[in-house]
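First chain A sits with chain B, and in the next complex the same chain sits with chain C.
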Partner chain A sequence: MINKNKKNNYGLIFIVFTIFIPFIVKDQYQLRVINMVLLYSIIALSVNLIVGFSGQLDFGRSAFVGLGGYWYAIMMLHFHLPFIIAFISASLFCAFVGFGLGMVCRRSSFDYLTLMTVGFNIMCMQVFLNWIPVTNGALGLRLIPSATLFGFSFDTNFKFFYFALFLLIICYIVIKRITKSKIGRAFEAIRDDPIAASYSGIDVANFKVINFSIASFFTGIAGAAIASYVNFISPFASSLDESIYLLQMAILGGLGSLPGSILGAVILVIAPEISRTFYEYRLMFVGFLMVVMMLWVPNGILGKNGIGERVIGIKKLYSDKKNKQKRDNGKRTLLKSKNVFSSKKENNGSGGKKK
Partner chain B sequence: MNTLLNVENISKYFGGVKALIEVSMQVKSDEILGIIGPNGAGKTTLFNVLSGFDKPTKGRILYYDKDITGKAVHEICRRGMGRTFQNIRLFGQMKVIDNLLVGMHTKLFVNFIEVVLNSKSGCLKENNAYKKAHEILKYLKINDIAFDLASNLPYGKQRKVEIARALSSQPKLLLLDEPSAGMNPSETEELMKLIGGIEDNFGAVVVIIEHNMQLVMGISDRIIVLNFGKNIAEGTPKEIQNNHLVIEAYLG
Partner chain C sequence: MFLQYLINGLSIGSVYALIAIGFNMVYGILNLLNFAHGDTYTVGCFVIFALVAMKLNIFLAIMCGILVGYILNTLVERFAYRSVRFSGRITPTISAVGIAYVMRNVVLRIWGPETYPFDMGIRGAQVKFGNFVLGTLQIYIFIIAIVLMLLITFILKRSKIGQSVTAISQSIPISALMGVPVNRTISTVYGVGGALGVIGGFLFCIYYESIFLGIGFMLGTMKAWMSSIIGGIGSLKGAIIGALTLGLMESFTGGYISSQYRDSFVWGFIVIFILIRPKGLFPSAISEKV
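Moving on to the complex of A and B:
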């Protein structure tokens, strides 16, 4: 039941801890990685909204990262718009493109929708690569202005951390509310059984479009934020490899679990940064991780029947065992007395009475 | 007694297979209508056509005197028609209570802004929906499993949850497709009582497809018999039991 007065203590504790991170982590490189984790968390959340909640396998997420980033870069570099307008228009543009993509594949079923998103991703990357007057081709766009709000520029890692954290918290809360609401339930219903969903009065095709629009909005926000942070965007940020990588964040963390998406982003952004040689093998590492995971925790670390739930399950089992033992002891005494009653003829019922 | 649903000469062909041939029937308010027939008689196809899942090849369907032929499933659902399935279709990864709340989708008017702002009015509506869902679960005596995952439930309870979900959309017409399949006799008897009380408690007219003759003869006010896609008999349970066409259809 949704209770307005209920406070989420875990979330508050988490936020309080993260607020002090920039004071503890002095190394600029490490702080940079942490900032990227925050931004990729938003993308992983949006992927989760499509793959985990609505059950559509989307291979086109990195295209939206690119679209958001390029839109932001072009608005800032060519049109010199204020930051806030460029930033919000980038996410709205992505939501619009997501709406379009959703309209195209609203009637197609699972596998065909996946292929369509693959096609869309490749198409977007080719546009970024070859539309040289606007996107500067394979060289990418450089010197993209940093985020500035009311004259305050988030140009250092330290300052940007708070901007990214603020964005993540807002996005997390909004996505959480959506998933807990009627809309989120409709997404889950479509994932579990589209036919039964339509028999509950849900317009399945339209909800797919809504789902794509909302998720693309958040991907676009993250894309624009990344472009403003790195000050650079290249077409290779929206390759198919990158899409798979984003997808793996959501799957690793746990489909249908929002904290899981953040965990997935933490693992998959930090792991390749541990060593640069490792970076070369990141897809191999992630691929291996996927194979191992699908065998033991197919729904991700924090997903259904994942590691998190299993730990709780073991605890429960342990307490259940204790309770059961108590109950068994009770049963045994009952059985004993019954046995005594059944052997009444020999004992003349005296045993039962003693009990 | 006014007519709720008026089916006029419905035919449904799947290529060369004639699933329904010129079936006409009426559902009146204040009654429980049973539909029986041997396997492959077209009973489920009739439900599919009525609820908009399949478009009829010929004929038309009037619901509250409005033509609903060829309308989409969710539109017909919005007009107040609920349905359960022969092979259970629950939202397995969701809790039972959430299954019911999905069923209330059309009756829960929460807009996007209310959702994002988590406003008080939105929460109130959600809480009301919760209360209603609990009432339905209580009526079907399954309120103890409200927070279990639907896929973890035993078969008989899944059937009940499906009926509960269909009821939660507050239908005026409820189509039940073999609700007692896979239930033991005592469960069936309990179900019979529950179905008999749906009309009084929820104001929904029940149309029921059933193979369990005891159940269907016991609760139906009127029975329609289908055989090879044709409507071969119609009448009260007694008349049907003595109808030679029906006996022929069942015994060959």
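Moving on to the complex of A and C:
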């Protein structure tokens, strides 16, 4: 219990610290990058929900980013709906499409599921590219209205930061609760061993559908938020490369670790912005990272037995050694005394028998 | 028109078949899909292209390309597969995707995203039968694919290494206990797969008379993957028939349904196919979880 409270305190301190970020960071460009980090963190969390928690390799996440964004843009531009309705309907639409995708691949797994998600991604991108009257083809949709809540417009970077932060915290808490609930446990059971899970009463196929719907809901939220923030959406935001990049965010941070996903998003969104050369080499870097991490730390930085735990583990080992020595010394004296005691007793006992 | 679509479909299908053979052979042995297949042969084809541009003899250049494919794929096996062979199915897939991205971006850095004309002096003649056109090159490609398939089937059935490959595809620990050099055999299979991929990719480039980055992933790995799933994983006959089916599907949907949404429809068909018959048309003898 004490540990748990401590963790919560750390989280609170972290949130309080992040609230003051816009006051510290005055540069608009940097603030923009930070906003993108917040939004991509939500996507990374949703990727983690599928790949990290449920163990289904999904290469089609960016399709949902595009779906959410396009739905939001079309609702705002063509139908002039209020923001909140367009925003929530975008995520619900994504959840619905995710439900459909889940229904299609509910019975398949491994490569088959991956192939289906790849196919879904390619289909979505082709529809975005070719359905010109609605999606405006390769040029994308421009002048998408910004987020407005109760007459308050989140049009500047400063204002949007709080919107994104609020969104991220809500999504984080909800996803955290989901992973701690019965459903989340079922996801982890499916990841670890689908056959054993099915024998312990978990309906693997249906939980896969649930998993896809929930994750798509969050991806859709983030996609709509990105569209509202950038005021622009193009079909190339939902390419297969983008999906791999999103996947790498979850992998780098640590599959199965929620703070890890945020860390992965932080690294992989900020790094390409630091230098132009890195931006050009980003996919090569991501590929290299994927290989190296799969070889040595398949669970990422903050995942189970990941880099973080190993660093802490080395420290712990060192301190454990010290403690162990101390404890051993203590034990030795105790043992000695015990031995003395027991030998005396034995002597006494034997002496008694002899008598 | 129907006959022309049929012929187009079969000819593009035979090109896919050549790529799918190498892919499916590797897919069958460990049941791990080789995401780097397309990018390996892209590197090989670009090497051939560069060597021919340097006025090297074309056969020597092709040999060099095949060698590069062999070495690259053994390296891929060594670094992306061997260490993670027993850690589930997600980990090797991710590492293979990673190595594919590294290779693709190296090619992108060296040759750029442009499309180059691929002129090797090999050009098929066009034969006209009344209304429809038949290229001789496509017939050659089809024959090469069939010959390679028969050759590989023969090697797998008759030779010692072929027998060890079959043994490994059934059970790695037991074949290791029987004295089969597991690592060396798997590495050889990957190498041969890469070499076959380079041959396929080379003919692919000749067929389209151009070379560009996209031949690797979208036109290579994906099509090979689709055709091996249609045909059945690990079955060479299945790979060829799956590739021909895929080619026919593409040609007919492009002709009769919609050329804009051709890929979407083809992917849709593949998804429906997986739902109906996940093991493919010619499933391998060992049952596999879907």
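Keep in mind that, in the parts below, the second predicted complex is superposed on the first by the 317 of 355 C-alpha atoms of A that agree within 3 Å, B and C clash if a C-alpha of one lies under 4 Å from a C-alpha of the other, contacts with A are read in each partner's own complex, and residues count from 1 in each chain.
Keep this in mind: a residue touches a chain if its C-beta (ideal position, glycine included) is under 8 Å from a C-beta of that chain, and two chains touch if they have at least 3 such contacts.
Because the structure is a prediction, the values reported are computed rather than measured.
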item	value
Contacts of A:Ser200 with chain B and chain C, given as first, second, both or neither	first
Chain A: partner with more touched residues, chain B or chain C	C
Which superposed partner A:Gly100 touches (first chain B, second chain C, both, neither)	neither
Touched partner set for A:Ala189, first chain B, second chain C, both or neither	first
Contacts of A:Gly137 with chain B and chain C, given as first, second, both or neither	neither
Chain B versus chain C as contact partner of A:Gly11, first or second or both or neither	neither
Chain A-facing residues of chain B, complex	51, 53, 72-74, 77-78, 82-83, 85, 89-94, 98, 101-103, 105-106, 108, 110, 112, 115-116, 118, 120, 122-123, 126-127, 130, 165-166, 169
For the chain A and chain B complex, residues of the former touching the latter	1-4, 174, 177-178, 181-183, 185-186, 188-189, 191-193, 195-204, 256, 304
Chain A-touching residues of chain C, taken from the complex the two chains share	33, 79-80, 83-84, 87, 89-95, 97-102, 104-106, 109, 217, 222, 225-226, 229, 260-261, 263-264, 267-268, 270-271, 274-275, 278, 289-290
Residues on chain A engaged by chain C in the complex (per definition of touch)	51, 55, 57, 104, 107-112, 114-116, 118-120, 122-123, 126-127, 130, 240, 244, 247, 251, 281, 283-284, 286-291, 294-295, 298
